[in-house]
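So that you can tell them apart, the chains are marked A, B, C and D in the order they are listed, and the count of residues begins at 1 in each.
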Amino acid sequence: MDLEQLRKTAAEVVARDDVKYLIGWKKGSYGSRVAPAFVEDAASVIELIFSPSCTANLATYLTLVEKTPLPRGQETDKRKVALMAKGCDSRAVVQLLVEKGIHREDVIVIGCPCPGMIDQSLLAGKYGDTEERSEVRWNGKDFTLVRGGDEIEIPRNDVLAEKCRLCRHPNPVISDYLIGEAVKEWDPAEDSGVGELEAKDVDGRGDYWEGQFSRCVRCYSCRNVCPLCYCQDCILDRLNPTWINRAVNFSENTAFNISRAFHLAGRCIECGECERVCPANIPLGKINRKMAREVREKYGFEPGLDPDAEPFQASFKPDDPEDFIL
Amino acid sequence: MTADNPYIPYFATIEDSWFETGGDRCIKTFKVVFDDPAVRDSWNHKPGQCAMIGVLGEGESMISISCSPTEGKFLRFSVMKMGKVTQALHKLEAGDKMTVRGPYGNSFPVDDWQGKKILTIGGGIGQAPLRPIVEFVKSNREKYAGLTMIYGARSAGDLCFKGEFDQMSKRDDLSCHLTIDIEEEGWDHNVGFVPQMLLDLNPSPENTIAVTCGPPIMIRFVLENLKKLGFSDEQVYTTLENRMKCGIGKCGRCNAGCMYVCKDGPVFSYSVLKDIPEAFA
Amino acid sequence: MLLNKEKWPEFVEKLIGKNLWAPKLEGEAMRFALVAEGEEVSLEYGNTRVPPKGTAFPQTETMYRFQLGNTDMQEPKLEEERILLGVRPCDARAMAIIEKLFRWDYDDPYFLKRREMLTLVGLACNDPGLNCFCPSVGGAPDSAEGLDLLMYDLGDSFLMESVTTKGEALLAETKELLTDSDADAVKTKEKLFADAGAKIKRTVDHIGIPEGLPGLWEDPLWRRVSASCIGCATCTYLCPTCHCFDIQDEVEGFEARRCRMWDSCMFEEYTLHTSGHNTRPTRRERTRNRINHKYSYYVDKFDVIACVGCGRCINLCPVNIDIVEILRQVKEELQ
Amino acid sequence: MSENYEPNIVAFLCNWCSYAGADLAGTSRVQYPANIQVIRVMCSGRVNPLYVMNALQQGADGVLVSGCHPGDCHYMEGNFYARRRLGMLKDLMEFVGVDPRRFHMSWVSASEGNKWKEVVEKTVEDAREAGPFEGFRRRQIDW
């Protein structure tokens, strides 16, 4: 990744009058963590980075702006937001465009081709973690961990995030600026997580998910972090009528998780954020990927690729499969 | 609310209920009496306090007690139809039961105010917590130097406790000023906003306590205007309202700055409140 | 008293019949769970993912049951004694801290009863985690506050020190497994835990923060630190001192219950009035409230910081919002 | 499973076809199992997946959604949306461990009283085979 080019482009973009800020990455507070950066002026672009730690999906922030009532006479800030987008971030942007969650003219996409991101928990598990800042770099084929004065070679598959192993679109699908060269796409690994579950019988799967969903603490981080969960009025916060009780038990947790997954069927762009942030380690990605595959195979639809597509659940084809109908 | 569990409510039967205003967000007043005679006798609230009233199966809501303890062994609540609980409350009629626990919060220091002139400035449903003061002062009129009431609403139909004002304006030991925002037929009182009316009346701050309650925007301008009239911060009281669940300082959500509205409030002197920016959020 | 590690399985065995809860691996993380017959308890863990506050303040608990149209209310029976084995000192301290709130003027019967039924057997930290900062906020890797019994891992044995009569009773019950401690053991302990304290790298300088925080009300700092917040409840649900709850009625047919469940100040609807007005409308206000509540309001009311430095919110924040970093910035602004 | 277990089925029927079809079955005195509780909705496209889940949570052992045949929808295309959405819901529920025999969808027109009978029989039979639903049903409140 050419940081020089990134910062130069970023400086150029944030200097524009019609740009509010740029959402990118900066160093985090400890270890090899990174944190989202909101860059408002050209002087701050120096803090921008792009490294294998930038696993999260920044497209979330496009729809996370709370709209508070404005004092009389003030107008909403209609300036554009610039976004550093990997392959998966850009797919989220496209899907938001499809759903008219955002408008194309409101966003500037700075495409960052992505050679694959690390999973921090895998890294910490295998190579330890430190309070002191460290850095992970791409070194062509694998990763290098720079910690203290040491450089540790890390085989790619040791710490590669699951979503990246399965990734089919590492390059941004839309962009206004492209930083560096497009990366060579790799063959997605077989989705063994979903495969293993499919091999079980329905009761076996029920037991598996009961174990998982029972742990859910309903912190809603999966909902909040998801770039495509952006309803102003979420069914989960509704009290009247209360579809899903707020009580935390297996029944309500399952209802919550099914509705979350259902609302993302045909929309999920498989960025794996829900699974990454879950403090209870529930493999939410498996459900999402299963649904994404069903949609792909049965309906021939893949979300987040074509900004002019019809939203999957708000459209139909006369010849949709109906073998399940009595 | 039993001795060992403050979350268990008492049951109270609605003796009478009537609509104060109409419309989508209509206000209904309930006059309720506790089922348990022991509770009826031991219950002792002060003007300004609130109670958690609710309907089993729907939930509870913090509502100010809109009657003075001097009125009798009953409670009055004026409830605006807003959310899940208040909608359920509005379905109740005379003879139905509601749950009540409390009284919660601090109260207006009416005893400390003896010998002073009392000025209440209310807007809309904000008159509900002020009514106990008015009633309390009315029944202990000799202990107070004066009582002036300013009360306004959007329209004549939005005024609460209408029936009581005629009688009040006939008394010569207190003055009652009503106002509505927009002129309408058959209205022979003032027309204009409450803060403006306050300026027009120009009450003297001397030996006076001003108490205000109403929509946040009204409170803001009333406080400004009181300042213009020369009221010091210590002379001005207001009440706050936030979302509440427990009413006893446990559930955490009602704080404005370091003040828990359910326990440290709802009544605040402006001298305390002015240092808490969140109170005016 | 000393417990040789060879006797450890026997010690656990003795407690198992008594509703013993200990950290168990669930998913990829540790969580307190009931230990069944014949199970091994391992104390090889940093800290549990979800704090043990749930044993006294469950995520969802029934306050009372009733039938619609009936004035009869049944309260739950909370008379089940429970032993928690391997509680970290920070989590035990947190229990003591939130107990102050649950005793504030009105006694909270549910929390206090459940707390009374608990025996907390602590385990001092030999190897604190990388985001631990307990010494900065009044704790220590071997703090006994809130515990009934504290165990120190001395390598081949546990040094057991009772803190309360409950702890003493537990020691008395298992006395045939214990040997008297000696001066050496105490010396080893002191050395070990001085070292453990020294391993903690992260620090918070809270001097002046409780008084100074309200003065930073409109500081640009809050927008800066909350910009990346996604508004989830990870930091608050996993916080051992967060105690906010919501009360909801649940109805199934004519059977109903009023129950309470954890709530989080990071949720938008937490302070949302029915009118649509929100006193904390954006993540800026909500983040500000979280920090203020822990480091200022609670100090104002109960004279103790409502943060025990367990580091969970730092470890688990999806977007690396770091309370130590926020407090560093607060301190900077104050100077 | 007890010998005399009778499944509870909640059926969401569209107002224009399936409800009329069920009506016809009734007026024609077609005998079909009485395990079914009918909820009339204006269109099968109005059936929110939450309804299906809520029914299962609150004690249904099986759920049936029935609408007009493709192309016959009173609202032109409501049942096409329903087909896509509920088809996916079925896949999803199967993946998280809900027996696929518990959820069915059918097209029954206003004239198909006999088809209605077959659909109900099939649904009840499947639910009976699957047994009482214990999955994520709201369990008795327990302290």
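Throughout what follows, a residue touches a chain if its C-beta (ideal position, glycine included) is under 8 Å from a C-beta of that chain, and two chains touch if they have at least 3 such contacts.
On a predicted model such as this, the values are computed, not experimentally measured, just so you know.
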item	value
Minimum number of chain-to-chain contact steps, chain A to chain D	1
Selected pair, greater C-beta contact count between A-B and A-C	A-C
Taking each chain's C-alpha mean as its centre, the one farthest from chain D	B
Geometric centre distance via CA averages, chain B-chain A, whole Å	49
Distance from the mean Cα position of chain C to that of chain A, given in whole angstrom	31
Distance from chain D to chain B - Cα centre to Cα centre, in angstrom	52
Numbers and ranges of chain A residues touching at least 2 other chains	239, 245, 249
Multi-chain contact residues (two or more partners), chain B	83
Residues of chain C touching at least two other chains	246, 248, 250, 281
Residue ranges of chain B in contact with chain C within the complex	4-8, 11, 35, 56-60, 82-83, 86, 97, 216, 241-243, 245-246, 248-253, 255-258, 263, 275, 277-278, 281
Residues of chain A touching chain D in the complex	197-198, 202-210, 213, 235, 243-245, 249-252, 254-255, 257-259, 261-262, 265-266, 287, 290-291, 294-295, 298-299, 312-314, 316, 318, 320-322, 324-326
Footprint of chain A on chain C - complex, ascending	26-29, 31, 49-50, 59-60, 130-131, 201-202, 227-228, 230-234, 237-238, 246, 248, 250, 259, 261-262, 264, 267-269, 281-283, 314, 316, 318-322, 324-325
Touch list for chain B against partner chain A, complex	83-84, 87
In the complex, chain A residues that touch chain B	239-240
